[in-house]
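Here it is, the structure, as structure tokens.
So that you can tell them apart, the chains are marked A, B, C and D in the order they are listed, and the count of residues begins at 1 in each.
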Amino acid sequence: MKTLQAKRSFASDNNAGVHPKILDAIVRANAGHVVAYGDDIYTASALKKFRDELGEDTEVYFVFSGTGANVLGLKAATEPYHAIMCADTAHINVDECGAPERFTGCKLVTVPTDDGKLKPALLKGLLHGIGVEHHVQPRVISISQSTEMGTVYTVEEIKELADFAHNNNLLLHVDGARIANAAVSLNKSLRAITRDAGVDVLSFGGAKNGMMYGEAVVFFKPELANGFKFTRKQGSHLASKMRFISAQFDALLTGNLWKKNAAHANRMAKILSKELASIPQIKITQKVEANGVFAIIPKNFVPVLQKQYFFYVWNPEVSEVRLMTSFDTTEEDIEKFVKLVRRIVK
Amino acid sequence: MKTLQAKRSFASDNNAGVHPKILDAIVRANAGHVVAYGDDIYTASALKKFRDELGEDTEVYFVFSGTGANVLGLKAATEPYHAIMCADTAHINVDECGAPERFTGCKLVTVPTDDGKLKPALLKGLLHGIGVEHHVQPRVISISQSTEMGTVYTVEEIKELADFAHNNNLLLHVDGARIANAAVSLNKSLRAITRDAGVDVLSFGGAKNGMMYGEAVVFFKPELANGFKFTRKQGSHLASKMRFISAQFDALLTGNLWKKNAAHANRMAKILSKELASIPQIKITQKVEANGVFAIIPKNFVPVLQKQYFFYVWNPEVSEVRLMTSFDTTEEDIEKFVKLVRRIVK
Amino acid sequence: MKTLQAKRSFASDNNAGVHPKILDAIVRANAGHVVAYGDDIYTASALKKFRDELGEDTEVYFVFSGTGANVLGLKAATEPYHAIMCADTAHINVDECGAPERFTGCKLVTVPTDDGKLKPALLKGLLHGIGVEHHVQPRVISISQSTEMGTVYTVEEIKELADFAHNNNLLLHVDGARIANAAVSLNKSLRAITRDAGVDVLSFGGAKNGMMYGEAVVFFKPELANGFKFTRKQGSHLASKMRFISAQFDALLTGNLWKKNAAHANRMAKILSKELASIPQIKITQKVEANGVFAIIPKNFVPVLQKQYFFYVWNPEVSEVRLMTSFDTTEEDIEKFVKLVRRIVK
Amino acid sequence: MKTLQAKRSFASDNNAGVHPKILDAIVRANAGHVVAYGDDIYTASALKKFRDELGEDTEVYFVFSGTGANVLGLKAATEPYHAIMCADTAHINVDECGAPERFTGCKLVTVPTDDGKLKPALLKGLLHGIGVEHHVQPRVISISQSTEMGTVYTVEEIKELADFAHNNNLLLHVDGARIANAAVSLNKSLRAITRDAGVDVLSFGGAKNGMMYGEAVVFFKPELANGFKFTRKQGSHLASKMRFISAQFDALLTGNLWKKNAAHANRMAKILSKELASIPQIKITQKVEANGVFAIIPKNFVPVLQKQYFFYVWNPEVSEVRLMTSFDTTEEDIEKFVKLVRRIVK
């Protein structure tokens, strides 16, 4: 197989490849033998960096995929008769093929939102039937940060949700597949928007921020991690050659690479949205706070664009599309894309 | 982190790193954007090579881990009220923390064996209660090839098991974490020892034969793969950046790399066992047919050796240890190890 | 314990006891020994009556409870990656503590309705993502007949749903905890509103129509029942002394007892709603088509009434209550209750 | 249907009907309306009697079936990555169609025994791999009392198992489908052989001792019952018309009916075994300590006997049969049966 000239894409931050520094870390980790399953110096180093970033008594477990991280983290926080509350646009609700229900046994109780963001006011009505055995028992509020709609919870909004959760004997789970984009957007540390804001369990994303594979399940309440190593193994997410996930996270958490990657992606989204907003036929539909741009593009133009660029139609009824930027999106990519849009809409 | 001087190991083929050609394929695959989740040319190429190797109408799905491959492949072949029959030493029985029961709902029914190998005669007694609703219903025979004991089923032995299975309305599943070592050992093609021998579902191993991560679930009866893409996703084993698993398998199946790696590991095991067998205090306990050597080493010597080499004590009662070789084991590794053994036992 | 003078209740048809003819059948079935688990003449007789009523090639399995019937019937119709679509008021969604998700692995996808009734127009929007592995795959439409809101689907409405289902490769499941009330309401046979209307799987209710315990899972497509006896046993719903469920169903299906019980309950609901409707402070909120009456009763009156009568507040925000009648509700019960209401509202 | 002249049976204590006093209690409970799901005076009374018998802080939950009681009780005591250790003859292992694995997610780890009885010495070897994530983690020892082989654990034997369990951070579960027969056999109170002997969770049998349906899950450590009402409901074992299970247990625990029924059944087994033992061609194979008799009857005689009596062949290879007596077995039943045996073997 020879290197192929790949189409540029705004489909997903998953369509990008691996950041060179992360790839380099992988290559360097490929030296000799180490004990499998995580008892190695790469893993020790990565875990230390996580704790430096997020707090000393943070429990961190690496898994293969984002769905794996969500499902296993949620399992650690629930009994099968619990309810997990989330926005109806949540990845755990629409994009994981029912994995959360399948592995936790729980019901997902969903709330419609305009911007993908939950608020206590939207959740209050779901706290009925507590103690009544006919009904699933509310236990976890799960939010995505940044959201699937490209929006970002402020620290205050997270705190409000965390307070609401803890006052009602609930836990706050964050699907942080794009947690880095949120931190950058808020200009806060990772710790400030998670532990310090009251988050209990976090899926910390790697693949959408320049890694090849690997996500982390992060517990801010260590007792939630009791037995989690067994849950991870039984959930078939214990990597044998763990060092290669660890080396990636180590690189991501070195020299603020996580921040640089996310900042770049966010900046590209800003530019893209600004350019698109300047085209009269196009309407930006969500605040652009992270690395996603939602825009209504007149229906007949979409297939023409898709011939040259991968991207998804989010809502076909109104011809709303989703455009994602990533650590490797270039200003040139955007220029060319916008130029094409301008030409087409004329 | 700087490259560390790793201890050499006979603990597991998982303690080795990645074969340079596979690492190189990963690096080359990191070019530009491709569609996530497998709709890319790397995956297309790898799937084609699998079909070239195993037959045209073979259905192949990549997953992250060996436990994932076993569990998802077994799920595809069963209803929750089924029984999966295996040797009591089977990886699915002892080394997957109950993942098969958890994900399939099935009972594992086990048979003690001397050498890790099932035979129809050992299974006949388990075919009772068929049709009786109080009892789990036999459905799958699962064997490991090569076995956890370092032994290898001959083609005839597999055929006998496949015939026995099919005559009793059962399926034959192979945990092929080390299928390459078996093919090399038998001097047969991968196809000859799987499809042509009557295997229905195969976990095709990557990580134990020089890959970084990635295994394949292989269906020789395409109808068993109906809906499997949903099962894989719901089982949280759909890789977003699939190209990096695919590129590895592509490299493994190019220029017979799979065979070279396995042949080397097998040869190292032969040398190791021969050397050890020449030491009077040591007794080889299993036929050395693949890349594992089982040996009784007097109890007091074990901790001394373990100070310098990773390896596992298999049966502490008789001080039986397991020594695994891998694609990167060197004759020098063995010489040094054996020399140390000789010095210690004196 | 001596017989107690029980409070009369409009809380649920579950608060009633057992119809005397059914109790008598139980007593008569208590003669000598029969083979356990259903290989007895009582079961044979009951099954025959079910087939006489619903069609020759109907597969019928008795279970203990309504939740058991729903969960096991849905399991028989689904793979874990499927979606089950239902009204958001459905018993399977709100009153079974997540049992359907737990046992089937499926996601329940819900639709808000005014009257508890699904329509194809409400479901069309849910048929997206078919074939896309990120999303649960629509497989079952589950309706309740009569509904949790006391309404009844007409035969035409069921046919429309069945056609919609079958045209989209879906199955139609009916939670028939109150199927008898619906048949009586429509003045149709049980067969006309199930098999002949296109229903695939039915939970046939016993306990809400005068039985002590016992429900039936009914398959109109026999192939859906393949292996169901194992699913029932593994789901822990195989009764050892099966004859006592069977004798009850036998009695229920003898001399149209099912119809008489349901007709009585429905008639009582009509009378009750008519009387309540004549009180200006009270507003009936749903059509009274079966044995449930939904009414808004001014908030301050509710606790006063509840001192003497069991019933549930359905929607506390608008002070809507649910009043259920049963086979043993008397006109005198209603008179007394309405008299009390009249006195209180003055 | 008219009352049928049933064949007498030694097949199972499940083939018997309902004790007249229990049936009478059911009939008397059928008076007026009571709140469904257990908030009624029958349930309150039965629970009080359980606590009188077993200790004040005992938590008791009624379910429909013995499999339900086992599965739900085990779920309350385990996480999915746990191992449940039992005799290979245990009902949970061979007669529940994999329900324990399906609902708990756990692996059942089995031990062969001669007499169906576990001992610490048989279990010690299973306590390996504790803390190692590749292996299921031992958590519950489950024994049957009386056993499936008709034998009975002494109080000392239970205490030894309980001590062994608690010293190893395990729990002791008892499948007490025939707990009454064991208590009578040992001439001890129910409390003495359960709570006072160190049992943690008990399935308390009803149906095999004269009830129509209904078993109880009994927790001697109240904290194990946290959330159990939700587990019971989600497990579809919450009876709507709970009073009818409760009334049966109330009757069973009134005037020592449980003891009388079991004592009678045990006495019948003693007589039966004594008579059979006097026939030279027949060999009793297990101690007769409860209500089961295991005997080798020459192969050709079995079908002749089965023409007139239901009973099961336990081990066809040696023609060992199982004969069960029940609360309603008569001396005349035994005389006739033995007479037939004598005539046949001549």
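The working rule: contacts are C-beta pairs under 8 Å (C-beta built on N, C-alpha and C of every residue); 3 or more make two chains touch, one makes a residue touch a chain.
These figures come from a predicted structure and were not determined experimentally.
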Copy pair subunit C, subunit D: interface residue numbering same or different (half cut): same
Longest centre-to-centre distance from subunit B, chain (CA-based): C
Recurring contact interface, reference A-C, options B-D, A-B or C-D [over half identical by residue number]: B-D
Distance from subunit D to subunit C - Cα centre to Cα centre, in angstrom: 33
Distance between the centres, which are taken as Cα means, of subunit D and subunit A, whole angstrom: 50
Junction residues of subunit D, two or more chains touched: 37, 80-81, 96-98, 102, 105, 133-134, 136, 230, 233-234, 238
Complex contact set, residues of subunit A against subunit C: 80-83, 94-98, 101-102, 105-108, 133-136
In the complex with subunit C, residue positions of subunit B that touch it: 37, 79-81, 105, 133-134, 136-137, 227, 229-234, 238
Subunit B contact footprint on subunit A (complex, rising order): 1-9, 11-12, 14-18, 23, 25-37, 41-42, 45, 64-68, 71, 96-99, 102-103, 207-208, 212-213, 230, 233-241, 244, 247, 250, 310, 328
